[in-house]
Amino acid sequence: MDLGKGLEIMKKNLITFGRAAVDLNATEYNQTMEETMTFSKYVGGSPANVAIGTAKLGLNVGMIAKVSDDQHGNFVLDYMEKSGVDTRCITRDTEGRKIGLTFTEIKSPQESSILMYRDNVADLYLDVTDFDDEYIQSAETLLVSGTSLSQSPSREAALHAIETAKQNNVEVIVELDYRPYTWKSDVETSIYMTTAARRADVVIGTRDEFDVLENRENQSDEESVKNLFQYDPKLIVVKHGVKGSKAFTKEGEVIEGDVYKTKVLKTFGAGDSFASGFIYALKKNKSIQEALKYGSAAASIVVSRHSSSDAMPTVEDIEILIQKHEG
Amino acid sequence: MDLGKGLEIMKKNLITFGRAAVDLNATEYNQTMEETMTFSKYVGGSPANVAIGTAKLGLNVGMIAKVSDDQHGNFVLDYMEKSGVDTRCITRDTEGRKIGLTFTEIKSPQESSILMYRDNVADLYLDVTDFDDEYIQSAETLLVSGTSLSQSPSREAALHAIETAKQNNVEVIVELDYRPYTWKSDVETSIYMTTAARRADVVIGTRDEFDVLENRENQSDEESVKNLFQYDPKLIVVKHGVKGSKAFTKEGEVIEGDVYKTKVLKTFGAGDSFASGFIYALKKNKSIQEALKYGSAAASIVVSRHSSSDAMPTVEDIEILIQKHEG
Amino acid sequence: MDLGKGLEIMKKNLITFGRAAVDLNATEYNQTMEETMTFSKYVGGSPANVAIGTAKLGLNVGMIAKVSDDQHGNFVLDYMEKSGVDTRCITRDTEGRKIGLTFTEIKSPQESSILMYRDNVADLYLDVTDFDDEYIQSAETLLVSGTSLSQSPSREAALHAIETAKQNNVEVIVELDYRPYTWKSDVETSIYMTTAARRADVVIGTRDEFDVLENRENQSDEESVKNLFQYDPKLIVVKHGVKGSKAFTKEGEVIEGDVYKTKVLKTFGAGDSFASGFIYALKKNKSIQEALKYGSAAASIVVSRHSSSDAMPTVEDIEILIQKHEG
Amino acid sequence: MDLGKGLEIMKKNLITFGRAAVDLNATEYNQTMEETMTFSKYVGGSPANVAIGTAKLGLNVGMIAKVSDDQHGNFVLDYMEKSGVDTRCITRDTEGRKIGLTFTEIKSPQESSILMYRDNVADLYLDVTDFDDEYIQSAETLLVSGTSLSQSPSREAALHAIETAKQNNVEVIVELDYRPYTWKSDVETSIYMTTAARRADVVIGTRDEFDVLENRENQSDEESVKNLFQYDPKLIVVKHGVKGSKAFTKEGEVIEGDVYKTKVLKTFGAGDSFASGFIYALKKNKSIQEALKYGSAAASIVVSRHSSSDAMPTVEDIEILIQKHEG
């Protein structure tokens, strides 16, 4: 596969596509959200976090997104620019729609309920007319978040972006990123997740997310990858939480990735940091085995910190952690 | 007028009608909202604040409202109950709609921009089937917030509540409480504000809000009250911000109310605390002159504190402040 | 009352407000709609029919309405112009909305089921910005159809039109014209029917429609008029179908109107022709007693003919029929 | 290919999927629609017409559709049953939505403008829960109309039906059937037409419809089939109106079909009768060359008659016409 090719001047290594949002994380620990009286503000949203995470690791990254034309939209744009993400294709919603919010409690390391404001949010109104196809053509890789498929017109924008990438030999990564509240039904979710994943070169998701994609329960990794490998995917990564992850190649390889144990503060943010570390490593011509380590190390670091975006590690952070475990 | 009649066992002195929401106030001062990184959570929404404010002053108060069926809805209900407000007619939205949010910055005492999440919020879906007419019939006074008129079905619920009150000799106070973002047009606002205000016994609003009601600019207080006194209102209070307020009676009296100077932290919350103090005093058979003092003192205390709801003063707080100024 | 004042040059005797639609009447008699294979096209919609009916009787009539920008809209506009109705305030829907349709069967004189296409139709999108207040100010009388109150923005346009008329001493007739399928609930219907009727000078409706207005069952005419006469109405006409009609004045007069027996083909169209004859006669300074005769005669003629609009009688038709009955 | 396999007892030869509607055809010729005063009622909608057309030719046919729960819905169901179509999977809309209407004028053989009522119609609310997957599994062939892809939830129902057919070795025909008024944008149309057509075994459309599918102008037949033959299609038919049609096979054959000249009354209905004749012939093991003749003959007969559905020819009609031309 082609994901590891070297950086070219001006060419984006990665463009992420989908939602940029605001996280409001409880500043008090060991409390329910009802009891929580203060919240800290961070950039959130899976593809925004991956853009920030990979930019922090040194990749040349851009994002296609739509944010609110208000103070929260200003904050997100500003933070991403300071993180080194190219924001020229992040547009403003001109109809007064707001940016999505995620309130989190930190009740215990295992329990962290969330409360989302996703009704009619700006990111779901990202439209095909909001970005130039040339921007996608200029990239090595396009990462599309499954949540962007959940409603029109963002759904059509995402499908069009994937098709544009495919027709211009830009690699496509689909991060399943399933959030139930934005979808109408299981069948609908399965139809669009499947349509997108079949066209992807790389598919990343949790075991549950692959079940959602197939609209079946308790599938095995082997069944899931067998179905998808009939189409375009060449590499599929199934994440199993604390049990680690498994990468499958079209050629039949199976590579297992371990988890790096840490003091867990909260579990959210783990997936986005995993994707950031994993993609970075592939871009640097590391083996899939190595890339899984980078992903796990990055996830381990983020779950021990307060935010998802602000907590994204550096290459040094990751490599020190890997060495510590291997030493 | 009848507002000052004594408390009866079991009979609510006041039922407020309309939105209960969550305020997220900047914990850092002298910063824009973009720069603000932590927010403190309070109950918000004008009629919720008045319910809390008057309950804290000792009135027997209930509220008719609809809140989200989530952590924020739990918080609001719980807080109001602890404040002594009867919440049996506050229902939960069963369609997953969220409670409204207001983020505030505290840039300077004069400038405090806000950012509202009001799209499709639970309070605008309060329906006539959500409350019993008997609850209104059991009250001395019904206070309806103008914002509840801004969209259906909350609009029809508010008009029905007013009509039910009128037909059962329950006094009606309309607090104009104009929030532009929930209305579609100036004509629409004028139509429904007018329809409600003409049926009210008491109308309270700022100078700007009376202009909005009439869909005219730069009207005088005298013109506004002349129009409304052709219909049911007996008492009209026009608030002029730092210049104080004026109360007009149908019989032709004009009573001026002063402002109690204080160190202003932020201006929001002033109107709700004014209404709380004013209504409390009338219920206690104070004169209109005295009631304006109670309103001004309560407003003065709230603008010097961090929140709108939590900052509501006690009777003692108010009376000490009045004595200090008169002394 | 002032309805009978003489015609003035240029001044409209009557402006009707609300829906213009297309009727598709079965050409075959004694068949269900399912069996009916051909339909004839006519202009329909209560206020359009009254405009055509009164114009045919010689009044100077205009209409405020919104029709589709298509072949059916062309037909309606053209037909009304040929009938002598001033159509300069009939606008076109620019969003592609269609004109309402009413399919009718003529199964038997007593049974004539209908099938309506009213979803998202142009007339319910008539907006306050679609007409000039001056047009209303130029009229002697404004007739508003209750159906125009059933949805926004037509609802606000109707309430604004009534308010504009009231403030300019233009008489207001409210024709209750209740069509259940456009209303969401009985309470909603009652709220807006009541709001409009209380501001009217003349209210016309069937016994059932007055029950709908009050959201009560089996009210007597006396109860209904007692409630409304507390407000602006001076003349109220309650129609009892084959049992005739009753007119009530604020001063306490009760005038009964008989029905003119005829060979009934179908019953629809009776109300609009009654209103046309009744209003015409009042404008010509006839007594209320005489006006009820004109209304009954006009209704009698229309129910014996195939359409509602095309069948509207001339003054001669009406007066011949009255003479025949009195002779 | 497998389309010509013999009829099996109980097994449906064909299930059509999509809209059933009502056509209201001008009974007067050589007039604009504005001038047309009477209309005749017929069953309409492309997949309904093909179901009726093929049933009349003797195939065992069913339809998956949603119709209104009113007199027009009754008429359509009844007519289809009498035509021999299995209607057990035609459901009723329980939300009061209407069946689509198409008014046609017959101005001249070349000009026949139409006026459609398609806003919020029942067929676009056909949902995955409205039919059993087993029904599709029981068929030899599923024909999906492109119009069913134009809005949710009919869009997802159509994509799910195609996927169900594919996974059960039921052949899939996609009839592009592009109707601009139901689609939001060209990009959206292209995305879903492409998604469906790539999964089809057979694709049928006009030259213009293939351009719409590709969102390009003036493509050649060769370019269109080259793109689609990269995916599942085995047979593609491009219709060129009066210039005849061309069938392309994945193996590279190109078969041209002529037009059978006739006295044209109106052009609508030609496509549906073509599809009916063509599919019938393939099912009867005729060659593609022969099937194109059956299609052309059927189209020729329908354009000389007044309706689309009622005019569908018998096998005898078709074969007599073919013999006449070949003799």
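Which chain is which? They are A, B, C and D, in the order written, and residues in each are numbered from 1.
In the analysis below, contacts are C-beta pairs under 8 Å (C-beta built on N, C-alpha and C of every residue); 3 or more make two chains touch, one makes a residue touch a chain.
Listed by chain with UniProt protein names: A, B, C, D = 5-dehydro-2-deoxygluconokinase.
The structure presented is a predicted model; accordingly, all values stated were derived computationally and were not measured.
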In whole angstrom, the CA-centroid distance of subunit A from subunit C equals 60
Between subunit A and subunit B, what's the gap in Å when you average each chain's C-alpha atoms? 44
If you look at subunit C, which of its residues touch at least two other chains? none
Are the chains arranged, by touching, as a line, ring, star, complete graph, or other? ring
Go ahead and list every pair of chains that touch. A-B, A-D, B-C, C-D
Provide the residue numbers of subunit A that touch subunit B in the complex, in ascending order. 24, 27, 32-34, 36-41, 70-72, 74-75, 78, 96-98, 101, 103, 105, 113, 115, 117, 119-120, 181
Which bits of subunit A are touching subunit D when the two form their complex? 128, 152-153, 156, 159-160, 163, 184-185, 187-188, 191, 194-195
